[in-house]
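In what follows, a single structure is set out as structure tokens and then discussed.
Labels run A, B and C following the written order; every chain starts at residue 1.
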Amino acid sequence: MPTLAEIVERFGGLLVGDGSVSISQVASLEHAGEEEISFLAGLKYRSLLAQTKAGAVIIPPAAEGSTAKPGIVADNPYLYFARLAQWLNPPRQAEAGIHPSAVVLSPIPDSVSVGALAYIGPDCEIAENVVIGPGCIVESGVSVGESTRLYGHVSIYQDCVIGARCILHSGAVIGADGFGYARERDGSWVKIPQIGRAVLGDDVEIGANTTVDRGALGDTIVERGVKLDNLIQIAHNVKVGENSAMAGCVGVAGSAEIGARVMVGGQAGISGHLKIADDTVVSARTLISKTIAKPGVVTSAMPGMPHDDWMKNVAHFRHLDLLVARLRELEKRVVDLEKEA
Amino acid sequence: MPTLAEIVERFGGLLVGDGSVSISQVASLEHAGEEEISFLAGLKYRSLLAQTKAGAVIIPPAAEGSTAKPGIVADNPYLYFARLAQWLNPPRQAEAGIHPSAVVLSPIPDSVSVGALAYIGPDCEIAENVVIGPGCIVESGVSVGESTRLYGHVSIYQDCVIGARCILHSGAVIGADGFGYARERDGSWVKIPQIGRAVLGDDVEIGANTTVDRGALGDTIVERGVKLDNLIQIAHNVKVGENSAMAGCVGVAGSAEIGARVMVGGQAGISGHLKIADDTVVSARTLISKTIAKPGVVTSAMPGMPHDDWMKNVAHFRHLDLLVARLRELEKRVVDLEKEA
Amino acid sequence: MPTLAEIVERFGGLLVGDGSVSISQVASLEHAGEEEISFLAGLKYRSLLAQTKAGAVIIPPAAEGSTAKPGIVADNPYLYFARLAQWLNPPRQAEAGIHPSAVVLSPIPDSVSVGALAYIGPDCEIAENVVIGPGCIVESGVSVGESTRLYGHVSIYQDCVIGARCILHSGAVIGADGFGYARERDGSWVKIPQIGRAVLGDDVEIGANTTVDRGALGDTIVERGVKLDNLIQIAHNVKVGENSAMAGCVGVAGSAEIGARVMVGGQAGISGHLKIADDTVVSARTLISKTIAKPGVVTSAMPGMPHDDWMKNVAHFRHLDLLVARLRELEKRVVDLEKEA
């Protein structure tokens, strides 16, 4: 169990109070106990400081002096907390080696862990320290960078590329066919073979049951540092720029080009064949149907209201055209009256 | 094949007509045959009663006398039908025992069935009569309550807790990491280890490809009796209160607290860090972005209309501010005119 | 490597220029090289023709003469391209036979390929040339038509029917229980056994992590030629008519009847117990909550706008009722003024 002083020595920041306090774990202000360290993310939570039972607290410079507890002053307490939490909670070690129930048709470094009942096809390149979870399916020709971890039940289609230090959660499907068909006169569909790949950069995290399709002709690209939450659809030939992040249930249509550091809220939708500028913020539930050329916050999420109010407003919305016509007519008549007056 | 009289003896209700009719199965009024029993859910479907070929019908007291068929009068015909349907269609028995192709690293009671190619990690507690379907991945330290059934391809991450008599459908992922990162100045993300668990109460049903993330610090909680449809995302540290139900494709953001008996329609979205009162009804497609303190029906689902009408209305919507300004201006001018008159 | 002349011989169209050019692959106008053939889908992309390095181009009659390159004139260049692309990129052959790690409890024709760690239950009917990918779970009593391909990690529940020449992508779940419960007085739910099946016609493609539930009493039907993208939810007793297509993240509620050749954009939602006419087009993000009796384009997708503008407009939207009342009041007062004038 490290002491507060040891933590400051390792991660920096300003030690306040008793540095000999032992810290076993991170916790929230509400639930922390005596051997736990918590953090104050913003001043609006300052009231929790008085009540917390945490043994120590990470606080921003602006909050210095607002608690008698031992602690660490750091410019960005949440970031400090993240790094400390990682150190106190290293990822579970997976035993190196190939489980006897796995089926592995490519050469695998000794440092790699292949879980029970996993399948790795021929011609794959699996780098050092990769962890392939139980029941994963890695098809032929896939490349996986060093220290990447696939949890159980991940599927990677043939020839896809996964960078280093990625995390892929269960049920993620990388490289399934994009949705591309030409239409016959009778309305039936002729499949366009999807001959591109899905290519994930380093340090990408892919949530549970998220799907990243392979490209139709070129590749689908998810650049380094991108974080995708659960149940997201990334269609063929999309490009997601580095360090962009998307919350759950987002859908991105084909060939959209999303810039770097773009943040996309849950259930948002992005149409195909458009561009989104670096650093754009797309609010939850918002639909982007045109290119966003300049960064900013873009929104179209309609918040819930009492059902009867909603129905009334929608009824008016359906007749906005009429409403505008009535207003225009009235304006004319008032002009006439004003002339007469 | 039970007779109508035997059914009434077992499930109650008032027998009407010939109790010796044999009943092999439940069916809809439209498709029932002579050995099948159907039900009248509401009086508006009464016209179907005249046409049905069902051998017997479950009807509400208000419909008594509206058919010459043998039947059962019950206060809630749909509920009666549900119980009877369960009795006539018991879940398929899974053979107790561990399939030789499964990999099981925890002790398992004799009554448990572990399907082909399933994986159960070490330190799990699997209760009596549990069914683990083929290809399931149950990581270390997971606890599964008695008589719970996992269909094929379910994933449960380490240390999660599943109650008794739960049903988890294929592709469900319980306990993947929540979506939590601190941001570096350069826009890159530092992962917050997700050290909580996902905890499901008794009698929970989880639909296909639905995801319930583990908590960041505390746990994600799905209380007893909750029913989740397919492709739902439950983020970290959410609490879903008992007997709440959500239809398909709903997304719930982190730390939302959903009360008991809340009903959520398909594709609805619930923002994070808010509360929803017991017994609230969230309409399909509706976004809840603020706390709902009192129960009621909440809606924000915009229904489709002919494309050209929609485009016109959206154009006006974009300029509602201008419209209101014009109205205000007009009001002033009319006041002036009235003064002069 | 076929020549242009050989391609025209096989697929028709009018050969323009040097028929001896060899073609190794299809590519986009932007990225094609000398041995690749591209296509001009519409005249608006004509400027790309001047720049392309493609060895040959498929063009529509209206574009004849707009390039000096060798090429093929075809009525529908995209359709021509699709057929040619299929010929140049045949699906990967899967080795016939059962992988020794698979668990197969039904008789399988010699022409069938069963991948590593797949499970096929008893009483299944698997037709000639079917490919069952690694890690698939096919429960008892399932029927799969000839030449259908299941990629890895597909789940098919008992007794479901899959047509011929279908493609099912990883994580697809066919035949999980529909979402049906009767409610007890105390708010708890009694499950309605889902005794119908999911039935897919010939030539259906199902995207990654898409779910098609089994019927409650009757069957859920996906007719021949239907194409479903990723992460789509098809609820119990839905019928999707032939050659309809749905983009990603669509949700269809129970018992909806969707006609033939209907096209549904991404993230659209379709309520239950309604009908959609043949050839209807549902725009992306649009909610269909009532029967669509006549084909046409139906829309309710609200496009994103700068956040502050949106908030203002939503505020007005919330008070549309008041706005209309103010307008009505003003109309009355102007009438009064006009009388006086």
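Keep in mind that, in the parts below, a residue touches a chain if its C-beta (ideal position, glycine included) is under 8 Å from a C-beta of that chain, and two chains touch if they have at least 3 such contacts.
On a predicted model such as this, the values are computed, not experimentally measured, just so you know.
At the interface between chain B and chain C, under half of the residue numbers involved are used by both copies, so each side presents largely different positions.
It takes 120 degrees of rotation, in steps of 5, to superpose the Cα atoms of chain A onto those of chain B. For the pair chain B and chain C, the distance between C-alpha centroids works out to 25 Å.
Residue positions 101, 117, 135, 153, 171, 209, 231, 249, 302-303, 305, 317, 323, 327, 330, 334, 337, 341 of chain C each touch two or more of the other chains. Those residues of chain C whose C-beta lies close enough to touch chain B in the complex are 101, 103, 117, 119, 121, 135, 137, 139, 153, 155, 157-158, 171, 173, 176-177, 179, 181-184, 186-193, 195, 209, 211, 213, 217-218, 231, 233, 235, 249, 251, 253, 269, 271, 282-283, 286-290, 292, 296-300, 302-303, 305, 309, 312-313, 316-317, 323, 326-327, 330, 333-334, 337, 340-341. Residues 25-28, 31, 76, 78-79, 81-83, 85-86, 88-89, 91-92, 99, 101, 115-117, 133-135, 151-153, 167, 169-171, 203, 205, 207-209, 225, 227, 229-231, 243, 245, 247-249, 260-261, 266-267, 279, 284-285, 301-307, 310-311, 314, 317-318, 320-321, 323-324, 327, 330-331, 334, 337-338, 341 of chain B are the ones touching chain C in the complex.
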